[in-house]
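Heads up, there are several structures right after this.
Each of the next two complexes has chain A plus one other chain: chain B in the first, chain C in the second.
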Partner chain A sequence: MQEKNRGLALFTLLVFLFLLGPLIIISFTSFEPGSVLKFPPEGFSLRWYENIFNVEMFMTTFQTSMIVSLLGNLLALLLGIPAAYALSRFQFRGKGLLNGIFISPVLIPGIVMGFAMLKYVIVVYHLPIYAGLLVGHTVLMLPFIIRVIASSLSNFDFAIEEAALSLGAGRLETFFKVVLPNIRSGIIAAILIAFLESFNNVDISVFMTGPGVSTLPIQMLTYVENNFDPTIAAISVVLMMITAILMFVIERLMGLSYFTKR
Partner chain B sequence: MALLALENVSVAYDNQYILQNFNLNIEKGQLISLLGPSGCGKTTTLRLIAGFLEAKDGRFLFDGKDYTRVPVNKRNFGFVFQSYALFPHLSVFDNVAFGLRLRKVNEAEVKQRVLRILEVVSLGGFEKRFPKELSGGQRQRVAIARALVISPDLLLFDEPLSNLDANLRINMRVEIRRIQQELGITTVYVSHDQEECFSISDQVAIMNKGIIEQLDDPATIFKYPKTEFIARFIGFTNFIDFAERSETNGEIGLRVGGHEFVAAKNPGTASPMSKKCAMRPDDLLVTTEEADQAGMNRLHGSVKVSTFLGRSYQYVVETELGDFTVNQEMETPYRSGQKVNLLFPKDKMVLVD
Partner chain C sequence: MRKKGLYLLLLPGVLFLTLFMVIPIAMTIASTFFHEGSFTLQGYMQFLTDKYFVKILLTTLQVSLVTTIACIVLGFPAAYYISKLGPRKKGILLALAIFPLLTSSVVRSFSWMIILGKKGLLNSSLLSIGLIDKPLEILYTPTAMMIGLIHLFLPLIIITLVGVMENIDPDLIKAAESLGASKFTAFRQVIVPLSVPGLIIGSILVFVGSLTAYTTPALLGGKQRVISTFLYQNAITLNDWYMASVIATIMIVITFVVIFFMNKLATKLNPKG
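So, the complex of A and B:
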């Protein structure tokens, strides 16, 4: 039998409470029937969940967020898969430097990144807001895509590629018939992780949004500035659920250990 | 004319030559092994033939056609990898069918050919399994089937057995030889295991530092190594460097530092000027008798080290010409320090370069 340590158990419980407490409180308050955020709630009602659909800006910005995250995801995949492949497959001069550049968006504070994107994409190139937002999110997602796919390529035996070549397959044919199917779960995990990063992002979006174009998290910020009803709690619960479901899928595909091993 | 010819081929990485002015000819239907220590260029040679590497200079002729710039996927050579390199996402059937489907063979024929070749490698009934459900030996047989089913013009093996355990290795090499002879397919086989190479090959090329030191049938190499490197590689441990050489009535006289030796004239492979002799530890004899014996050269010495090998004793004997290692079966061993005579049978003294 393992020795029990009540003190440690209590401490662990406190840590959990500290981490999960705000989420639990938000979840409870979302069911508040009154029009002011309260904890504990004074009843049970789904009216604020219904209200999400009545606030038009939530619906339009949700749409924008989905489009930007999905389209940006696609762009980041088109750039990221070849990049990850080249970085894993070949030895070349400047490989370490390139690796560093590709992961730098993760290391640079989002607020700095956002401001830099604003200066570069909007001020210098005068891209329309929508396009600028898309570029910003593509850049945001790219390092996650590259890291996750490169990590799944690191378990790939490139002799398999040579086997396909020796059997008569061309280079492209080999990539699509042999390489892609074997890193499929890595690609799906990359898509999901990048989607979460993009969909929940505030710091880059806050610079890249503008009149008429906004993402859901930015709209939520604006909303709490003017309103104090539980709609915001309800929408937060919805976002938490989406995140939890995606994380569950990622865990199934690659194991969450991916996040701890670097 | 040879089926395959490498003519003055050079391969270099970052200006460092792995192969330089390399030549090799292989006859149709033969199994030829490239054998040598790691870094000798054997794998480079194989990958060059396969087309994974391109020659910097020289030509690669196959069946009279210039293959030097033909890309790997247009060569129709079968390649068997050390790591098997099966496609993990495909069943055994689909793995083997891969090359046929690329060749747009119709599905009925694909099925027939795949099932037949799986019989050849004794894997009938395994077609629905996936690679991860197979043992190492079975995986390697799938890899061989996958390379064979496309009716390759040439079959290439890159250390195919080195990931298998010892018993399986012996079974598999017999299997490889059987399949190769059954199908009469020209084969190049790379290994660093000499027993493996010698047992299955028609010809063995022993490589060292990017050149072939000797290309002969296994028995010839085993008896008459051409160079000191090869002699050491295949178990000759004793060498004498003579200063003078002369030939009299079918024998070779050799002299160094006041010692005179006679060696029988063997159908050796070394150059006619060579003055270096190689001897296996099993071929020398240690004795305390002083009488001359016919057909023997004699050298005085003393036992330096005596070790028990189980069936025999191994002695290191110190002489004026250096230390010699001798394996000898006997009841009561010589002691360290004991004065002995070392006997060198004339016909066991092999001249090497």
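So, the complex of A and C:
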């Protein structure tokens, strides 16, 4: 039996090597002093990290990505918190259908959504590309916001809310002073999860580019098509560090069970 | 609570989604049935009779199927191993599986370009140990796409299965063993059937995910098109929005058919009934 467990452990080790190996390799190549990506690198240099700042398009698209992800996040919160609250707090007819509508953006293929939005949001509704990006990312983030906050609300004891109401507090006051503080960590986790989804998005953003407007992942795709120097490796390391930090905060706030439950 | 308040809470979100998602998607689908004002199935006929289109569709299905099977074969044993670990080790391995999942798909696909390229890590290692005498052409082939997609979706199936396997009552295995079943039999007769619903959910996520993934095929597939890169090509490069809408509709239909039937299967195979 010990034999078999050891075999299984080795198998699992190999699986993780497959999962993490490429990310480790890309990190090493970012320190390559030469101008061609190589593994192992032939020395140690930070020049490609410097180069990130020298390529203006990376800086402007990073800024666009940040603005779209943060502003879209705020919009998704404004739309999503009331909806998540209504869906978890009350029983009513058509609840299943509404739940379905709010979760549906994750069911529709991203590339289809991007194309449909280009067709309607940009062409038919005549929104500028920047606004289209913002709208697209808000739609993208909404299901994540609603799902995480609803799961956070499902652990909240609504009897506390009832108590506050019966003591004479108004509905709105109760919500802001009693409900919201109790689900604070869920809301922060929702913000971070949605942020990562939006910041890394390609499928919608790839249709929403125009003169001077593009997001960082799209700019990276374009760059890779024409260059094979270690700049993208350096950006990758920066992005992985941001991901690791955000993931650590999410774990502290609500554990990792959100990811394993389906 | 009065009805009015309830609607007030839900209305902004519903309106937003209707305007920016439901209408665009519904109109995109509807537009495929009308050409120059009259009802037509011409786009679909054109798609299904053109050898080039059909080949792209078949390649996509094949790549997705292989990816799903590989993810199950690699993910199931790993998930089983993780689910049996103590909380600390389990937490670390889960975190290591979730990290790549949260990492940008551009970064993850790019890392495979470094490995699989003509002068990449794999070729240079194989050449230097003399296993091959000219570089393998892997990058920009369906194989490269599959490797990239397996890498993309393997964590998803692992964490989904760990979530299901954790909840299997360990007493069931003990009971099977005390009744004379070997460890392997207990695994086969208890763990596997109880994991089936999770396995199906995981497979749906991987299959549909691979079927619709854009970044990985765009970076690793080269000129080899799959349905998602074909949609992009029609919409942006060729500017043929009618065909792009037809492809979009086909993608939605395939996605929903797969989800529908797999869910049916999951209910049927659920040993808990």
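To be clear about the criterion, the second predicted complex is superposed on the first by the 258 of 262 C-alpha atoms of A that agree within 3 Å, B and C clash if a C-alpha of one lies under 4 Å from a C-alpha of the other, contacts with A are read in each partner's own complex, and residues count from 1 in each chain.
To be clear about the criterion, a residue touches a chain if its C-beta (ideal position, glycine included) is under 8 Å from a C-beta of that chain, and two chains touch if they have at least 3 such contacts.
For clarity, every value in this text was computed on a predicted model and none was experimentally measured.
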Room on chain A for both chain B and chain C (clash or fit): fit
Contacts of A:98 with chain B and chain C, given as first, second, both or neither: second
In the superposition, chain B vs chain C on chain A residues touched: C
Touching partner for A:224 - first (chain B), second (chain C), both, neither: second
Contacts of A:173 with chain B and chain C, given as first, second, both or neither: first
Smallest separation in angstrom, by C-alpha atoms, between chain B and chain C in the superposition: 9
Residues of chain A contacting chain B in one complex and chain C in the other: none
Parts of chain A lying in touch with chain B, wherever the complex brings them together: 157, 159-160, 162-170, 173, 178, 181-182
Of chain A, residues touching chain C in the complex: 1, 4, 8-9, 11-12, 15-16, 18-20, 22-23, 25-26, 29, 37, 39, 78-80, 82-83, 85-87, 90, 92, 98, 101-102, 104-105, 107-113, 115-121, 135-136, 138-139, 142, 146, 171, 196, 199-200, 202-203, 206-207, 217, 220-221, 224, 232-233, 236, 239-240, 243-244, 246-247, 251, 256-257, 259-262
Touching residues on chain C, where the partner in the complex is chain A: 1, 3, 5-6, 8-10, 12-14, 16-17, 20-25, 27-28, 74-75, 77-78, 80-82, 91, 93-108, 110-115, 121, 151, 154-155, 158-160, 162-163, 166, 183-184, 198, 201-202, 205, 208, 211-212, 214-215, 218-219, 228, 231-232, 235-236, 241, 244-245, 248, 251-252, 255-256, 259
Complex interface listing, chain B residues touching chain A: 50-52, 72-79, 81-83, 85-89, 98-99, 102-103, 143, 146-147, 150
